[in-house]
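I have placed the structure first, in the form of structure tokens, so that the comments after it can refer back to it.
In this document, chain identifiers A, B, C and D correspond to the written order of the chains, with residue numbering beginning at 1 in each.
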Amino acid sequence: MTTEEAEVEPRIGVYVCHCGLNIAGTVDCEEVAEFASTLPNVVVAEDTRYACSDQGQETIKKDIKEHNLNRVVVASCSPRLHEPTFRKTCEEAGLNKYLFEMANIREHCSWVHLHDKKAATEKAKDLVRAAVAKVTLLEPAIESEVPITTSALIIGGGVAGIQAALDLADTGYKVYLVEKEPSIGGRMAQIDKTFPTMDCSICILAPKMSDVGHHPNVELLTNSEVQEVKGYIGNFKVKVLKKPRYVTDECSACNECSEVCPITAPNEFDVGLATRRAIYTPFAQAVPSTYIVDRDLCLNKEGIMACDKCIRACEREAIDFDMKPETLELEVGTIIVATGADVYDPSSLPNYGYTRYLNVITSLEFERLINAGGPSGGNLIRPSDKKIPESVAFIQCVGSRTDKGNQYCSNVCCMNTIKDSLLIKEHWPDVKIYVFYVDIRAFGKGFEDLYKRAKEEGAIFIRGLPAEVIEDRKTRNLWLIGENTLQKELYRVNVGMVVLSIGIEPRPGSDVIQRLFTLSRTPDGFFMEAHPKLRPVDTPTGGIFLAGCAESPKDIKDSVTQASAAAARAGILMAQGKVTVEAITPRPIPENCEFCGLCARVCPYNAILVDKERERVEVIEAACTGCGTCGAECSFDALHMRHFTNTQILAQIDALTETEADKKIIAFCCNWCAYAGADFAGVSRMQYPPNVRIIRTMCSGRVSPKFVEHAFSRGAGAVLVAGCHPGDCHYIDANLQTQKRVEKLWKKMERLGVDKERLQLLWASAAEGERVASKIREMQAKLDKLAPEEIEKAKGVFAGS
Amino acid sequence: MNQGDRMTQHPLAKYLRSERMPHIWCEGCGNGVLLSSFLTALDELKVDLDKIVVVSGIGCIGRAAGYVNVDSFHTTHGRAIAFATGVKLANPDLQVVVISGDGDLFAIGGNHFIHAARRNIDIKVICANNFNYGMTGGQYGPTTPLEAWTTTTPYGNIEHPFNLVHLAAASGAVYVARWTTLHVRRLKDSIKKSLQKEGFSFIEVISPCPTIFDRYNKRGTAVEVMKWFRLISNVKHGYDPARTEITNNQIIVGEFVDVERPSYGRLLREMTKRVQEKLKEEKAK
Amino acid sequence: MVLPKKLWRTPLDTEKISLPKAEITIQPDLCKGCDFCIEFCPRKVLEKSDQLNKRGIYPPKVADESKCTICGFCTAICPDFAIFITEKKCKEGCEDEK
Amino acid sequence: MKSRAVLTGTHFLSGDLACAEGAIAAGCRFFGGYPITPATEISERMSRRLVEVGGVYIQMEDEIGSLAAVIGASYTGKKAMTATSGPGFSLMQENIGLAVMTEAPLVIVNIMRGGPSTGQPTMPSQQDVMQAKWGSHGDYEIIALAPSSVQEMFDLTIDCFNLAESYRVPVMLLADEIIGHMSERVKIPPPEEITIIDRKKPKVPPNEYRPFKPDDDLVPPMGCFGEGYRFHATGLTHDEKGAPKTVSVEEQTKLVRRLCDKIRKNTHKIVRVQEVMLEDAEVAVLAYGIASRAALSAVRKARKEGIKAGLLRLITIWPFPTELVAKMADHVTAIVVPEMNYGQLVREVERAAKTTPVSLLSKLGEEPHRPSEIITAMRRALQ
């Protein structure tokens, strides 16, 4: 039946969206609509203020019925944003959603050519022409469904991970919570009180921790790390390395072993302010409570038991030095990344003297000091003489909002300092408190009141960070010297102790996580959401979500909120129980097939079976993710890459090179990185030359050499192939094929005496809009110098391809 | 003060016939380490020293029996296990431990070993394996590695050695472990475990022979041999005994067998009880 | 759990933690000089003595008793019962027992 | 009530079975052996009877192990034995030495068969007489008794245990295939009529105990494993404490001499013989074991025929009653020694008889001596 539908004469409706002034401000939408109406098979062509609005959608539906349209094009924003919306519109009007195509005239046009209305409009026309060309050749398709494994993996056992785990587990889903430290709890466990309510942090966290520990639906994997992630939304296969604790579940946390252990070390949990043993538990409320042996410290090395004090002390015989690491293979449907963040290391700011002056501490050290369960039993003592200081100074924005550290605001430091100043005042009203700040950011619910209270309690807020902190050799007191930027005068303050309000930064291991889950990161290094407004906890990779500081610095409340949101998003998927696989998988065309097996060889998912003897070729639907690199590899047109067919893409090229080909850059961008990068450039209003024409493929691996050659044979000035960075490919390593093919083409161009500079390869992540923009600028510059003969030559040598 | 007196200060002194210290063993010989682990095991288990018998055969380690301050017997070459069998069966209240060498237990005494294991006689056999006949000056034995140099393999050993762990397991031992003399604590724990377990236990102790075998085979000083043990030994509990053969680059150590099987003594006593009850009944009629 | 990049401070409770102090007894004339104790001491507490014993070998001597954790490995590994460790009865030289 | 250990009453038993019953009656509670013709029946009987009386029967992997196990049992205070024949006896020589050296009281029954080597398993012989004394290396003494009837198989087995316990020495019962296999009437007395001797126990506390320090009779009291004496025993030359003395001339001399002398100096107490019509005898027949049966009837017949014949039957062959034989030799003109071997004990007789002519009447394999043969031998001897 699909073929029948395909055979009926195409009747196309084109809708050019103003998006308020977002598009119309730059592009002459009426003119574009006008132009569209002249294109073959276009029955209706109108411009509309907001295509995505109900009204806009209604119009489309109405037209489909009245003019019995069998194809629809919407020229508006990025398909990554609204394609789903309009596909739904079509379906509601009884039109198969695969007969819809978008022209991205906002992110890729109006926003990036703000100052060249004419060129922008021309570009918009081209993009519409290409869309129409493609939509004409589109075929209806029925999506196949894949079941979703109803279990979730959560990476990171901080408060975000804990919350997400509880929410999902309570909903009834199996949850694997992976934490690389010996205990869950994260940073919240280290903090004394929470702002603005001044709750005891561990008191409100501990119950949640033990809930997770005992929840029948939660499998807690501490001291463990994710090693490998395979599969796709709803069907991930995850390898987790469970490192040995050397203490079995028999452990009753009686501490006997720790007491006899002769080896001591600074306890990480107390930021080194307290001592632990080689066999220990990080803190009293740790979950699991099972102890752990630090084998780097322990005297027993290389299988030789030098010391067996703990073993003999343990009545339950819970200590086993022969535990081996084990690799667990988990099958999960959804994944939540809650890997948290790290703190800024102020020792890289010599002017504050951290690590040189004993009485300069970080806000994290402060939390442990002020904590009743901490090393000083809650006494605010200064390390040098263990006395309570008469005055304390807080220095804000240490490592935040500065070229010396991180550019961004760490979000929590202001409130944390305000909270800390109140804590001091509460216990030791006479202690003088100075807060040196740049701005005080007390934007959240109840924050401003807290700020007021701090001031009322007598904390002195001085705008302007000290330029330098100097220690008084005798008293070990500290001089803070800087400028009060409000009173425009220099200050010189002497205090007993300085607290550096250190910022939050991405975990060092983030790049590993990024690769494992094929995520993107912002220039700050935090993980990037699928859409900053509409999909704030999704990642570009289906089935993977974000929560907590891994996504950006945030306080406990926001982390928990985001965690619940992520849990809900994951829950929705699993509740549906199935995902529909986009109908973009290849269909073999046996009559063309030579059964050479090349397609099978390049498939990253081994989703193609080729049987040379019995002359059979088969595509495994469930395993295939539609990257299309097989289609690009096939030189016999034996693979019909649904929705991205050779004919469709060639038609797009033809459309885009119909006029002034020689002035144009034809760009093939992969959906996940390069295309998204270009979108990001648009969102960020980065300006670049208007001559580029972007064709979207799912993966750069789809770009068949013949597309490039065809573009040149059509006289295109230049061609850009852009995809994800190697290792970040959303189809494992399909983009390695891209590289091979482009390199082959370069050789060929050299051989044929064509300027190989005209073909460019770009790796750009979804966050690297600027990278895309500057590449286009650079290519434009080359293009301007290009001689017409060169264009002709290429036309000639590639003619017929 | 003389050495005997000084011995008595040592925490293990009460388990030793201190007056016979220092022992006859060479510098760096593993036998002393084995003995000390054994005594530590007795100490930690608080064993009733009146109820334990140590039996040894011939060879360097054979002298161990003479040093332990318990009932002990130094038998003829290879016969320790047979003698121990008699002791254990005749007085089941005694804990009988055989401490002997690879040559004594597995060449001349091999037959007694496999049969005692098969019968599951409730005795504990600890074997010091130094890969040669040390006391007679370093001749090759049943555990000497292929190609090794000994005084009777001047052109290199052409015999294949026994894998004692495999042999013991195949013969029916209910507990089989192997450690080197560097794994003292684990060795001690294995000894403790075997002492608390009913049935035929076998513990192989890979032991340096610095004066003879290791010197002949250029393995260096005792310390170097011990370091080599550390380098190539690999703890694999529960590993298939058939695959634990010792090679030049790996000594697999650990507990390989730990199963429950009624001992000969238990079965004998049960049978006796049955028979005697039957006789009583018959008499009653 | 968030870990600081380096832990550079001496913990505040350092002097509260009192580890038992070792008393190492070496019986030089029982020693045959295998050096196991010197080589395998995890804390490198022992070194070769410079004085010959009755047997004409160099027994071990204590290099730094304070480093000893009383793990007792030297006692366990000594083939000649020539060395053992006891806990120093707390008088001089070690923390007051609270 | 009747004791299960002592089957008091009159029975018709084979020699082997009588031996087993004797052992049980004597208090033997451990048997370690290996099956061998013609001693198998002893093992079989013991395997049944020991279980009935709560003893231990174990069939070892060979005769070496058997005797080793028996020594072990003996050291726990149990009365222990083994039974074998020539080839097995050869294997036991190693541990006979160990038993002698460690002074382990135990009993070895040897039902002699034809040798050398595997020889004639089902045929009688007296070929192990010398091996019994000299078979193991080094200087040593043992005790050996030679039963000549099934009743004696019972009685002498008990004596063997008593001697072993008295002198802390391995004691051998040297029977032969015929005695072992033939059946006769056996009277088993009530327990109270059976004399049982147990080894001497130490009278000193463990810390003063010297396991190899002898009393005046040269026999050290024996503490047993598990009794708290915590002593050491070794096959090496040792001092009174049991400490190895491998290079001391003094200890070697002291120990070896005592081990021999405790038997030699007590020979008169140990030796038992049967004298028949020796008072006025001109020709004496000296026999033991199976040969002595024909000898007895030969002597009686000879008297009827007017020959002044007499019989000296040795019940104890080791230690050899030299003095006794010498005294007898002074009163007779000739001595005839019928043996089921090619001349073994006859050498001891010649040594003792000095000038008195001694003639051997040797028999190998097949059936035992006939009285007529012995009479002919006596006539020849008198000529």
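Rule of thumb we're sticking to: contacts are C-beta pairs under 8 Å (C-beta built on N, C-alpha and C of every residue); 3 or more make two chains touch, one makes a residue touch a chain.
From a predicted model like this one, the values you see are computed outputs, not experimental measurements.
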item: Chain nearest the overall C-alpha centroid of the shown protein atoms; value: B
item: Chain located farthest away, centre of chain A as origin (C-alpha); value: D
item: Distance from chain D to chain A - Cα centre to Cα centre, in angstrom; value: 97
item: Where chain A and chain B are represented by their mean Cα positions, the distance between them in whole Å; value: 62
item: Where chain B and chain C are represented by their mean Cα positions, the distance between them in whole Å; value: 31
item: Inter-centroid spacing, chain C versus chain A (mean Cα positions, whole Å); value: 53
item: Chain A residues counted as touching two or more neighbouring chains; value: 304, 306
item: Chain B: positions in contact with at least two other chains; value: 182, 184-185
item: All chain pairs that touch each other; value: A-B, A-C, B-C, B-D
item: List of chain A residues in touch with chain B within their complex; value: 302-306, 308, 312, 322
item: Touch list for chain B against partner chain D, complex; value: 17, 20, 49-51, 53, 55, 63, 65-66, 69-76, 79, 82-91, 93-94, 111-112, 115, 264, 268, 271-272, 275-276, 279
item: Residues of chain A touching chain C in the complex; value: 181, 183, 185-187, 189-190, 262-264, 266-275, 282, 299, 301, 304, 306-307, 309, 340-343, 345, 347, 355, 358, 362, 364, 375-376, 381, 383, 386
item: Sites on chain D touched by chain B in the complex; value: 4, 29-30, 32, 51-52, 54, 56, 58, 60-62, 64-66, 68-78, 80, 94-95, 97-98, 102, 225-236, 243-244
item: Complex interface listing, chain B residues touching chain A; value: 44, 182-186, 189, 230, 233-235, 237, 253-254
